[in-house]
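The same subunit A turns up in both complexes below, where it pairs with subunit B and then with subunit C.
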Partner chain A sequence: MVKFRNIRVSLKTGRFYSTRNEYKLICGLEIHTQLNTDNKLFSLSTNAPFKSLNTPNKHVSHFDASLPGTRPKLNYECVLDALKLALSLNCNVNLNSHFDRKHYFYGDQPQGYQLTQHYSPIATEGYMNLYTDIDTIDTPTKKIGIIQLQLEQDTGISHYDNQEKTTMIDLNRSNVPLIELVTKPDFTTIPQVIAFIKKYQNLVRNLDVSTGNLETGAIRVDVNVSVDTYPRVELKNLPNTSSISNAIKYEYKRQVNIIKQGKASELLNCQETRGWNGKETVKLRSKETTIDYRYMPDPELGCVTLDPSIVQNVRNSLPRSSDDEIRSLMEEPYNLSVKNAKLLCVHNEKNEQYTSIEVKDFYLTSFDLFQKSNAKLSFKEKKIVANWVINELLGNLNKLELSLREIKQSFPPEKFVEFIQLIHDGKISNTGGKTLLFYILNLIKEKSISVELNLPKLVNELKIEVQSTINDDELLSQCKDIIDEVNESDPKLIEAIKLGKRINLLNYLVGIAMKKTRGRVKPTEYQRLFKFLLKIE
Partner chain B sequence: MLMMIRSSYKTRSVHIVNCLLKQRFYTIQNKGARIGTKFESKQDIDDFLDSNKWDGQELLQSSTECDPSKVPTAPPSDEMIYKLLKLSGLSQKGIDMEEIRTTLTNQIQFIDLLQNVPLSEEEQKYDTNYARLLPRDNKPLKYNEILKLIETQKKNKQGSEISGSWNPTSLATISVNNYYILKKGLLKNRN
Partner chain C sequence: MSKQQLINKIFFSVKNNVETPLKITGQQLLTYSLKDNICVKAEDDKTTCNSSMLWEYKSPFNSTIYDILSKESNLKFIGKTRLDEFAMGSMGINGPNFNPKDVLNPLFPDRVPGGSSSGSAASVSGGLVDFSLGTDTGGSVRLPASWCGTMGFKPSYGKISRYGVVDMAQSLDTVGVISNDIDKIYHVFKLLDQYDPKDTTSLPEELRFRPPQQDLKSEWKIGIPREICIDLCDPIIWNKFEETLHKLLSVPGVTLHPVSIPSLKLSLPIYYTLCPSEVASNLARYDGVRYGSREKNEFEDQDNDTDITLFASTRSKHFGKEVKRRIMLGNHTLSSGSYQNNYLKAQRLRMRLIDEFNSIFQVRNVLMGKTEIKTNSDEGIDFMLVPTSLTPPPKMDDVVKSQTNKQQEENPVTNYMNDFFTVPMSLAGLPTISIPMSLKSNLGVQIVGQYGDDYKVLNFAKNVMINSNVST
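The block that comes next holds the complex of A and B.
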C-alpha cells in the first residue's frame, strides 16, 4: 500500500519522469497569446474574436479581408502591451524591431502571408522564475529562459463541414494581435510546464493584456518534447492544461519505448510535428514536409523604432508582480498561508461571484480597519479576518450565487469588521457568527437592494448572543437529551467516547449542542458538561 | 517569388539603374522620376500597359555584358519546380515543365542581378533593417507619444473599420450565413 501511494504521488508531481535518469525529458514551449486590445493589430476594426463567434465576419475591415489596395497601419496599443509583457518577463527590448511576411496559403489567411516578427522581434532573452511553494514544482526554484517574444497577426477561423466537404470561413479573428513567446528547452518535468503556463496566464491577466483563457483559444500552447539528445517532436492541438500534461506523458513514453526497442535511429532521427487527439499523439508532418515560409521583410510597414527612455517608462507603469504580492501577504502583519495568499493574488478565470482583485481589496481594507480598532493583535487573532473573508464569506457567496460587488453596498468592509469584532469580543460564538453571516447575505439577496444592517439588533433577533450567565441545570438537561438521542441511534459511539478511543467524537456532541443553541453557549462549557456526564477525565 | 523580386527591386532600384539600365532609364538616373501626362481614359491606361517599355531579355543580356565573369544561373531542377508549384498552391499536373524552367531561370537571374548591384561605401553602412520602401529616418517614439497615438487613433468612419458597416461576404462568389465558403477541403494542420 505504501509503495502504491508513493508511486501515485510521484506520478502526480511528475517525479516519475525525472527519476528515470537514463531517459531525460526535455521540453520547450511556444505560446500564442491573443491581446485584448480594443482594436486589431494593423487596422482599427474591433478586436472581439470570441464574443463574436455567433456573428461571423462582423468585425472585418477592408484590410482584414485583404482587399486589393489596402495597407497595414500598426496599432500601437499592441506595441505597448507587448512591451509590458516583455519587461515583466525580464526580456531585453529591441528598440528597432520590424515585421516580416511569412508566406503560406490557407483559406482563413486571405493575405497569403502572416505579418510576424520572426527576424527582429520586439524582445529577446528573458526568463521566468518558478518557486516550489508558490508554483508547486518539484525543485526549490526553476529558471525558465525565454528566447524571444514577437508581435504577429492571428488568422481567421475555419469551420469544417465534413458532410458538405466545404469550409466556412469567419474573418473576425483575422488580424487580431498575437504575441508569440518561445521558451528555451529548460523544462525537465511536467509540473514545471504546467506551473509555467498557469503563471503565464496569471501574468497576462495581471497586466490586463489578455484574458489568458486556454479554452477560448486566447492562449494556445505548442510543446516541444524530446528525450535525451534526440530531435524534438512538436506537439500541437492542446486545448487545456490536462491535454498538455497527458500529451507530454504519452509522448515521453512513446519516445522512451522507441529508444528501448533500439529503433531511435529509424524513428527519432528528425524533427516531427504531432497532434493530440485526446488519447495519443499522431503524426502530422515530418522534416520532409516542413513548410518553406519564404520570409521577407514587409515593405509596407516601417520599423518599430522606440526611444530608450520607453523601457523605464513602461516598467514604471507595471503592476506589482504576483510573486511579490504573495510573499508580502505571507509575511507580517498578514501571515497568510501560501494557499490563501495565492487565492488573493492569482486571477480566477471562471468565478463570476468575485475576482481575486476584488477579494484582495476587501480583505486588505477589512484587515486595516480591524487592526486599527484592536491594538496588539496576536498571531492567531490576525488571521481571523482572512479566515472569515476567504473561508466563510466567499463560501457563502458561492452558495447563494451572490457577487461581492452586490453585497458591498450593504455590507462594506466597515460593516464586515463590525461583524468580526462581535466574534472577536466573544459577543457571539463562531457558530453564531456563521448563522449571522448567512442571514445577512441571504437578506441582501432577497431584498435585492441596499439593506440597512443593524448588527446588534440582528444578534438579538436571532438569539445568538453568547450567554454570560449560564444555568447549569438547564444545560445539563440539554446535554443528557443529546446523549440519549445519540445513544439510541448509535450506542457504540457513546461507548467509544467513554473509553476515550475517539476523542474527536466528544466534539461531535458539542457540535450538536452548539447547533441547538445557535452558539449562545461557549463550546468549552459543553465540553465540561459532556465530560462530567460521561465520566471522562 | 514575384513578391521577393518586387521588394528587392524597389529597395535597390536606384543602384540597378546605375549599373544595368543605362540606356532605358537614362532620364531617371539624371533627372529623377517624373510624373507623366495624365491618363484621360481607360483606353489610355490599357495602351500604356500594353506597350513594351523595355525587354526583360535585353536587360538580362546587358547584365552579362556588365559582368562577363558571371557564371550563368543553373536552371531549377524538376524536383525544385514541383516544390515551388506545391508551395504556391498550383497544380502539378499538365504543366509545361520547360516553359516554367525558362521563366524561373530568368527570374533567378534577375534576382541575382539585383543582389549583386555594387554599393558605395556609404551605402554599405545602411542598416538592413531599413531595406524597405519607407523612410530611413524613423523618429524613435517616446512613451507619451505612444500613449497619444493610442488615444487619438480613431476608426475610419467612412471606411470598413466600423463593425457591421459593410458585408465582407457580399464580394464573395459563394457565401452562406455570412460565412465565406471554400469548396475544397483544406490542410487541417499547419503552423
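The block that comes next holds the complex of A and C.
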C-alpha cells in the first residue's frame, strides 16, 4: 500500500526515479544575485547593467576599468543589503569579514582578479525552510542549510562576434555588487530545488535587494549534482528554472547510467564542471584543467567591521517573512486559502496590472474597513472581501487591461467596501454586483480621469436593486414560464427536480430566473417559489 | 656634463623649463619632479612606469598628490623621472632598452644611482629640481637618495595619499620626498599630509598629529638595534656609522641605547614573501585588453583557449626580467600549496615585527588605539638609528658585468640583500628619513620614529643631525 502510494505521488510529479532508493540524487546550489543598489560595489558608477545593454561601457569609472592607480572604496549600501539577506536566511553575521582577491585571466575581468569573500565571508550557517503547502514539495517540511553568503564583484560581459573573430567587452557590469549564496547539499528532489529558487527570488524582491530575475541574469544559479557518494558535477549556464530542472534530470540520468555500466571509477572519479546547451550537459573543466585561484586577502580594503547594534537594527527593520504573512492570512480573521494567501504575498514577476504588495494593501485595507462596519461576521461572511478582490476585481482588471494603481484613485478601498456592503446587505445580488463592478471599471477606463462614483445612483440606473416588495403573482407567472420553457426542451429534467434527486438542478432554474431579472430578486426568493410550484420540500 | 644632457638622461618627459626665476612675488619658487609611476593627467604626459607595457599610457586622471601640489602657486612641476620598471629594483637599471649610459648618478658618475626612485634622487642631486616625489615600498626612496648623496623621507604608511600612484604592493607602498634641504622636505610633507577619501588606507583625520610648532625637546634617547650587526655589512658603512654615533654622543641631551628587535633578521624573507604576492596580483591587470600594449596572438590559428594565449604573449613580451621574476615568485607564494606555509606565516611574522617595534619606542603607536601595550615607557627610545645600505653604491661597470654574467643573474638574492636595512621600516610602516652621514656622502643613515611621529623625525634630523653638524 505504501509502495503504491509512493509511485503514484512520484508519477504525478514526474520524478519517478527520485523515490527509488538505489541511486540517491544529491544537489547543492550556488546562487549569484545582483544587488539593485544605486552604485557599484567599489565605485560610484551607476549600477544598471541590464538597462544599459544598448549603451555599452557607459557606466564605467576609472576603477571599473582597472586603470593603474585607482583604488576600491566599499559601498556600504551593499553591506546593508547583504545583512538583510543574511538575517532573513537565519545566518550568523560575521562582524569582521574581509575581501580576498580571486585571480584568473579573462577578457571581461579587468583587474585580473575578482574581489570576493573567500576566507572570511559576511555570513555563514543559515537555513531556509520549505513547506509542503506553501512551496509544493513532497515532504511536510524541508530544511535547506546555507553554508555562506559572500559579497563580490560581477565581471564585464563579453560579446563574441564569430564572423569578425573579435570579442567586444562591455564593462557596465564590471564591479556590480553580487551576493554569492552557497547551500549545503541538502536537496534530494528537483521540486525542492525549484521551490528553493522561487522562494529565494521572492525573498530578494520582498527585501528589495534585487530584481530577482533569472532571465536578465540578476540571479544566476549553478547546481552541484551528485549520485550517492560519487564526486559532484557542477552545472553552469542555466538561464531559467526549466533548464535547471531539465539539466539536473539529464545529469542524474547520465551519472546513473555511468554507475550502472560500471564505469564510475573511470568517468566519475573527480569533480567536474559541465555546461547545459539546452539538450545535454557538456564538459567544461575537470581536475586537470582546474584553475588555482591564488586567493589573497586584499591588502588595502581592510576588514568590514560591524557594530553588533547595526546588525540588531537591520534585524528590527526587516519586513515580515512571506511564510509568516501567508500563514497569518490563512488564519482568523482572514481565513484565506493557501492559493489566495500566496497570491497576496508572492511577487508576480510579469503582471503589470498589479503587484502582490498592491493587491495585499488593497485587500487588507478593504478587509479592515469592512470588519469595522460589520460586527460579528461569520466565517463565510469574512470571505466575501477576498472573493471580490481576488476573483472579481483582479479578473476584471486583467480583462480590461487596467492597473490597480489607475483605478485606486476613483475606486479606493473605502469605495470598494461601500460596494461590497451593498452585496452583504442584500441590496444587490452577486449577479448584480458583478454587473455593477464591471460597469464601474469600464467607466474608469473610458473616462481615464478620476470619476466621481455615486453607488446608490448607479444601482438605480442599472436597475439591479433587489426588490423585496416585488409582486408575488408576477414572479409566480415568470417562474411558471421558465418551467414550461425547460420542460419543452428537456422534460426529464423537471421530473428529476420533482423527485428531489439533485438540489443543483433547482439552482439551475434559479440561475435562469436571476439572469432574466438581472439579479434584482434574491435567489432564495426564487428557490422558495420554484419549490412551491414543483411541490418539493 | 651640461644641464640639458642631465635632463635628457634623468627625465622621461619635461613639462617646464628648469631655469626659472627664483622668486615670484616675494615667495621662493620651488621646482619639482615626479617619479613616472605617479599619474598626471595631461595631453602629452604619459605614465609609463618605465615599462614597455605602459609605454604610451596616458592617465585620464591626476593623482591626489599632484592635485595638491599643482594648486600651490610657488611650486612648479618640471617633469616625470626615470625609475626601475614598475618600481622594482635597487640599482635604477631595470626597464626596457636598458643602456648603462642613460642611468646616472650626478655626484658619483661611475656609480649606479640606486633604485627604484633613481630619477627622483638624481634630479635632486644633480640640482635640476628643489625636490622630487618618489615611492618607497622596501627602500626605493631612501636607497637612491643615500647613493646619490641626498636626503629621502619615507613618511608613516597612510600619511600621503596613494590615489593615482601606480601600485606595486599596496600594504607597503608609500610616497616619499627627496630633497637636499630638510626644510623643503618638511614643507612638502606638511602639504601632502592630509586625509584622502579616495584612498582606503589613508590615515583618518583624528589619527594625524600636526605639531603647532617645532619640537623643543632637548633630550633624545636613541636606540641602536643589536640585530643590525651582520657580516654582510661593508666595513666602510660600519666605520662611517660608528663615526656618526660618536659625533651624535657629543650632542648635549643625546644618549645611545642598545635595543633588540629579534624579528629584524626575518624582515627580508617576510618582505620577499609578501611583496611579490601583491605584485603578482596587482600586475594581473596588465593584459593588453583595455590599455597599454597588446601583442599579436602567437597561437592565433590554433583552436585552444585564445584568451590565455593572447595574455601570455602580451605579458611575456612587455614585462621585464625583474618584474617577471617577482610575478612568478608571488604566484608561487599564493598557490594553494604554498599559501598557508608561506603567505600566512609571513603575515604573522610581520605582525610580530610590528609588536617588537612598538615595544622599544617611548610613545605608543597611534594605530594601536588606546589599548595599553607593554612598554617600559621610561626606558623607551625616541628614535632608532640604522645605516641605509649594506654597501656604498656599486660601480656601474660591475653591475653591467654581473647583469651579463649568467651565474650572477640567476642569483637575484644578492640584490635583494641590499634592502636589509630599509625593509623593516616598510613592513612596520614607520616614518624614516635617510640623510648622508657626511656632506655629499653617498653613505646614508636612517632616523626611524614611532608610527605617526613624522614631524618629530624631521625635526630631529634638522635640529640634531644637521644643525649640530653630526652628519656634515
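One rule holds for everything that comes next: the second predicted complex is superposed on the first by the 457 of 537 C-alpha atoms of A that agree within 3 Å, B and C clash if a C-alpha of one lies under 4 Å from a C-alpha of the other, contacts with A are read in each partner's own complex, and residues count from 1 in each chain.
Note that in this section a residue touches a chain if its C-beta (ideal position, glycine included) is under 8 Å from a C-beta of that chain, and two chains touch if they have at least 3 such contacts.
If you're wondering where the values come from, they're calculated on a predicted model, not measured in any experiment.
Asker: With both structures lined up on subunit A, is it a clash or a fit for subunit B and subunit C?
Answerer: Subunit B and subunit C clash in the superposed model.
Asker: Going by the contact rule set out at the top, does A:Thr273 touch subunit B (first), subunit C (second), both, or neither?
Answerer: first
Asker: Quick one: is A:Arg294 in contact with subunit B, with subunit C, with both, or with neither? Answer first, second, both or neither.
Answerer: After superposing on A, A:Arg294 lies in contact with both subunit B and subunit C.
Asker: Of the two partner chains, subunit B (first) and subunit C (second), which one does A:Gly302 touch, if any: first, second, both, or neither?
Answerer: Once the two structures are laid over each other on A, A:Gly302 reaches both partners.
Asker: Give one of first, second, both or neither to describe whether A:Tyr76 is in contact with subunit B, with subunit C, with both, or with none.
Answerer: first
Asker: Look at A:Ala65 in the shared chain and tell me whether it touches subunit B only, subunit C only, both, or neither; answer first, second, both or neither.
Answerer: Both partners, subunit B and subunit C.
Asker: Once the shared chain is lined up, is A:Gln111 touching subunit B (first), subunit C (second), both, or neither of them?
Answerer: In the superposition, A:Gln111 contacts subunit C only.
Asker: Give one of first, second, both or neither to describe whether A:Ile169 is in contact with subunit B, with subunit C, with both, or with none.
Answerer: Both: A:Ile169 reaches subunit B and subunit C.
Asker: Give one of first, second, both or neither to describe whether A:His98 is in contact with subunit B, with subunit C, with both, or with none.
Answerer: Once the two structures are laid over each other on A, A:His98 reaches subunit B alone.
Asker: Applying the document's definition of touching, compare subunit B and subunit C: which contacts more of subunit A?
Answerer: Per-residue touch count on subunit A favours B.
Asker: Out of 60-68, 78-86, 240-248 or 456-464, where does subunit C collide with subunit B after the chain A superposition?
Answerer: 78-86
Asker: For subunit A, which residues lie in the overlap of the subunit B contacts and the subunit C contacts?
Answerer: 62, 65, 67, 101, 103, 105-107, 169, 292, 294, 296, 299-302
Asker: Help me check something: in the complex, which residues belonging to subunit B touch subunit A?
Answerer: Result: residues 1, 3-4, 6-7, 10-11, 83, 87-89, 127, 129-135, 138-144, 146-147, 149-150, 153-156, 159-161, 163-164, 167-169, 171, 176-191 of subunit B touch subunit A.
Asker: In the complex of these two chains, what residues of subunit A are touching subunit B?
Answerer: 39, 43-46, 55-62, 65, 67, 75-77, 79-80, 95-96, 98, 101, 103-107, 120, 158-160, 165-171, 236-237, 273, 275, 284-285, 291-292, 294, 296-303, 305-310, 313-314
Asker: Tell me, which parts of subunit C touch subunit A in their complex?
Answerer: Per the touch definition, subunit C meets subunit A at residues 38-39, 47, 49, 54, 57, 59-61, 63, 162-167, 169-171, 197-201, 277-278, 280-281, 283-287, 289-291, 307-308, 311, 331, 334-336, 339, 343.
Asker: Give the list of subunit A residues in touch with subunit C in this complex.
Answerer: Those residues of subunit A that touch subunit C are 62, 65-74, 101, 103, 105-107, 110-113, 169, 292, 294-296, 299-302.
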